[in-house]
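As written, the chain order gives the labels A, B and C, with residue 1 at the start of each chain.
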Amino acid sequence: MFDFLEGYDLLGAFWVTVQLTVYSALGSLIWGTLLAGMKVSPVPLMRGFATAYVNVIRNIPLTVIIVFSSLGLNQTLTISLGADVIEDINFRLAVLALVAYTAAFVCEALRSGINTVPIGQAEAARALGLSFTQVLRLIILPQAFRAVVNPLSNVLIALTKNTTVASAIGVIEASYLMKDMIEAEAQLILIALVFAFGFVVLTLPTGLILGWVSKKVAVKR
Amino acid sequence: MSSVLYDAQGPRAKQRNILYTVLFVLGAAAVVWWVYDGLAEKHQLDWIKWEPFFTSSQPWETYIWPGFQNMIKAAFFALIIALPLGALFGIGRLSDHRWVRMPAGFVVELFRAVPVLILMITANAVYAEYTTIDTDMRPLYAVVTGLVLYNFSVLAEIVRAGIETLPKGQAEAAKALGMRKSQIMLSVLLPQAVTAMLPAIVSQLVVIVKDTALGGAMMTFPELLASVRPMSANYGANTIACFTIVALIYIVVNFALTTFASRLERWLRRNKKSKGTAAGGAPETIGTPSLVVDDGRAV
Amino acid sequence: MILRLRAPDRLITHIASTLGKTTMQLRKVTAASAAVLALAITATACGSNKDDGGSGDGKKITIGIKIDQPGIGLKTPDGKYTGFDVDVATYVAKELGYDAKDIVFKETKSADRETAIERGDVKFIAASYSINDERLQKVDFAGPYLLAHQDILVRADDKSIKSPADLNNKKLCSVAGSTSAKNVKDKLAPKAQLQTYGGYSECLTGLENKAIDALTTDDSILAGFASQQNFQGKFKLAGFKMTNENYGIGLKKGDADLKKKIDDALTKMVSDGSWDKAVKDNFGPANYKNEVAPKIGNIVK
């Protein structure tokens, strides 16, 4: 029944999807946290930058961002991110674009998390003489992160699915392979089910595990 | 943003701020200059590549406007088909009957887990194989189908969340009046949930608009992003210019929608407050906890 | 709308009035959205404005072309269409008895060409459509009217690519879903690096900026791009002739009458010099050495 899979590197394609997801998740977590920090910082220009960044990025289709990273950064500004084979270059460009895009949503989620922290926490911290970065790093962000595990897990699931857009610049991940297979093979519905199942396998545990974590770490108030 | 997170600034802090600002400006300027220089060196900023958009209405009329219309068309149909479906499944998940709750939950979770691109590609192939839809219309059908299948599942969750956050008293009071379950849902709970969730629904529209671009990039749906193809073929492959213009249009449209959504949210909240029903007891927080967290469900 | 504790009698009236209001609001919303929906559907219905391409005896004729390939079929900013395929299609239509103004050009994407013919969405297709056995099972072809070859386009000053084998370790660009790049990699230069994009223009941007070394597809399409005003003198065709592409006019399987008429029209186009003129107009500036007009029915393998 599944002999149409022969000759296709299904696991390899999904492995690329997983790699795209993991690298982009780490990158966007870091960049998103920085952005959230800027958004609440005392420096007006940084606040403005973070706000503008989030507003611009989340209103552009990811497809446009990914195509731009390839066409603009690589083909025009000739950045290759330290790789010299097209395959690697495109993979890294896709990660870069996914990080740039996803970070905007991480930033928004974190900011909503910061909003849930009681004022007294920050006031007490300041009364102890902590500086802004200390307040943020030691008091606010740890509580904010614990409050937004759920939204962040949604961001992660969205990111997993968003990696399919990397096929627009020729990264051979799951959806790229699927398109190839649909053109060449007849078992249309089966192929679709196989790929749908693949993504369910990738995203469902993420949701369940992080949902459990979210309950575990929630700040009881 | 209030200054709950930092003290009022003294002279030293102010100086430090100025230093940070200057460094930030310098860094940003360096990046901007580097991009500008790189683009100019590759002749991407040559007037000849940008001139068509500014000296003539033709590229707008011939390529961008039809693409824009298709984008709106797809987003519109996707939303109005997905909304009732989403309401149906959202209610279904809250049903008292296991045999309704379980399948509804299964369907919603399944379509939430599958990338919308996969759904679009599948729909397109299925329509090509098993139906006789006009080859002109098929990409639109496929894109709308993909968008509906994905967004109805998201909307179902929005509606469910909306109903679940309503005060219990609403359903109880309606029950006390002797209303049937369907009556309670349709005339008491759903209208309020939809109103409360309007901002989330508008935000979802942004996601839908962005996702139509997938149809253009990967599926030959002649929407805004796809209009770059014939356009750049005409103007000597001025792809950077074309993509920039198109990106700006997306930003303007979606920014308008996002702004509308947040206005709506603020307005709804104020309306609620003015009726004096703000929840008491919860500690005052750093900001107003958001009703809707945009988690980038795009795609 | 949210309830607070009230005296029971007032509570009941309050509930009743609230419910009344919400249902009213809901009704209004429903009515409004229904109106919008109706409007949209009418708009789409008007917009689609279907011409019956299949019947042929009507006044209009629908012809499938490409709209994003300069020199072949291109939608120009004034909304008109130009290119060699367009010229051929116009000539053929004229011979079939249709004025230029009665022609409705319609974009037929590569993957959709057979379906569009089978369904009768278009009367015939002239869209860099090469004749092959697989396609002959589904549609018939008149012609061929042009013999093209798979070739590569390189920068005019690039002297490092003299044969297909030189493409090893070079960066080669092609559009997604096309077989040309795969053909090079499988048979001619296994170490070539492939970049795929949605359209040729993206490849050209890369080629222009030296991020890509070569762009591959049919030489006719490449010539069309290279003859564009912005690109004249910048790019050149390598002239590799890696495959033979016999462009034919696709039409419904079994329509022998139409096939004969189109074949006659093509023969006439060659004999009265219109064919040469069309080649010159569309590919001239690229220094494209076209093959002589192919004989009808003579498919070069």
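By definition in this document, contacts are C-beta pairs under 8 Å (C-beta built on N, C-alpha and C of every residue); 3 or more make two chains touch, one makes a residue touch a chain.
Treat the numbers as computed from the prediction; the structure is a model and nothing was measured.
Asks: Looking at C-alpha means, what's the farthest chain from subunit C?
Replies: If we average the C-alpha coordinates per chain, A ends up farthest from subunit C.
Asks: Of the chain pairs B-C and A-B, which one is connected by the greater count of C-beta contacts?
Replies: By the number of C-beta pairs in contact, the winner is A-B.
Asks: Chain with the smallest distance from its CA centroid to the overall CA centroid?
Replies: B
Asks: Can you give the whole-Å distance between the Cα centres of subunit A and subunit C?
Replies: 35
Asks: Taking the mean of the C-alpha atoms as each chain's centre, how many Å separate subunit B from subunit C?
Replies: Chain centroid spacing, subunit B to subunit C, equals 31 Å.
Asks: I'd like to verify one number: the distance from the centre of subunit A to the centre of subunit B, where each centre is the average of its C-alpha atoms, in whole angstrom.
Replies: 16
Asks: When you check subunit B against every other chain, which residues touch at least two of them?
Replies: 42, 217-218, 239-240, in rising order.
Asks: Using the touch rule from the top of the page, what residues of subunit A touch 2 or more other chains?
Replies: Within subunit A, the residues that touch at least two other chains are 67, 71, 76, 78, 168, 179.
Asks: Identify all positions of subunit C at which a residue touches two or more other chains, and write them in rising order.
Replies: 111, 176, 198, 202, 205, 209
Asks: Which residues of subunit B touch subunit A in their complex?
Replies: Of all residues in subunit B, those touching subunit A are 1, 3-7, 9, 13, 17, 20-21, 24-25, 28, 35, 38-39, 42, 44, 109-110, 112-118, 121-122, 125-126, 129, 206, 210-214, 216-218, 225, 239-240, 243, 246-247, 250-251, 253-255, 258, 283-290, 293-299.
Asks: Okay, in this complex, where on subunit C does subunit B touch?
Replies: 1-4, 11-12, 15-16, 19, 22-23, 25-26, 33, 37, 40, 44, 48, 50, 67-70, 74-79, 106-109, 111-112, 115-116, 119, 121, 176, 198-202, 204-205, 208-209, 225, 228-231
Asks: Given the complex with subunit C, which residues does subunit B contribute to the contact?
Replies: Subunit B reaches subunit C through residues 42-43, 48, 52, 56, 58-59, 61-63, 73, 76-77, 80, 128, 132, 134-138, 167, 169-170, 173-174, 177, 187-188, 190-192, 194-195, 217-218, 220, 222, 228-230, 232-240, 242, 272, 275-277.
Asks: Touching residues of subunit A toward subunit C in the complex: what are they?
Replies: Residues 67, 70-71, 74-76, 78, 85-87, 90, 168-170, 179, 183.
Asks: Across the complex, what residues on subunit A touch subunit B?
Replies: Spelled out, the residues of subunit A in touch with subunit B are 39-40, 42-47, 49, 55-56, 58-64, 67-68, 71-72, 76-78, 101-102, 104-105, 108-109, 111-112, 114-120, 122-123, 126, 131-132, 135-136, 140, 148, 151-152, 154-155, 157-159, 161-162, 164-165, 167-168, 174-175, 178-179, 182, 188-189, 192, 195-196, 199-200, 203-204, 221.
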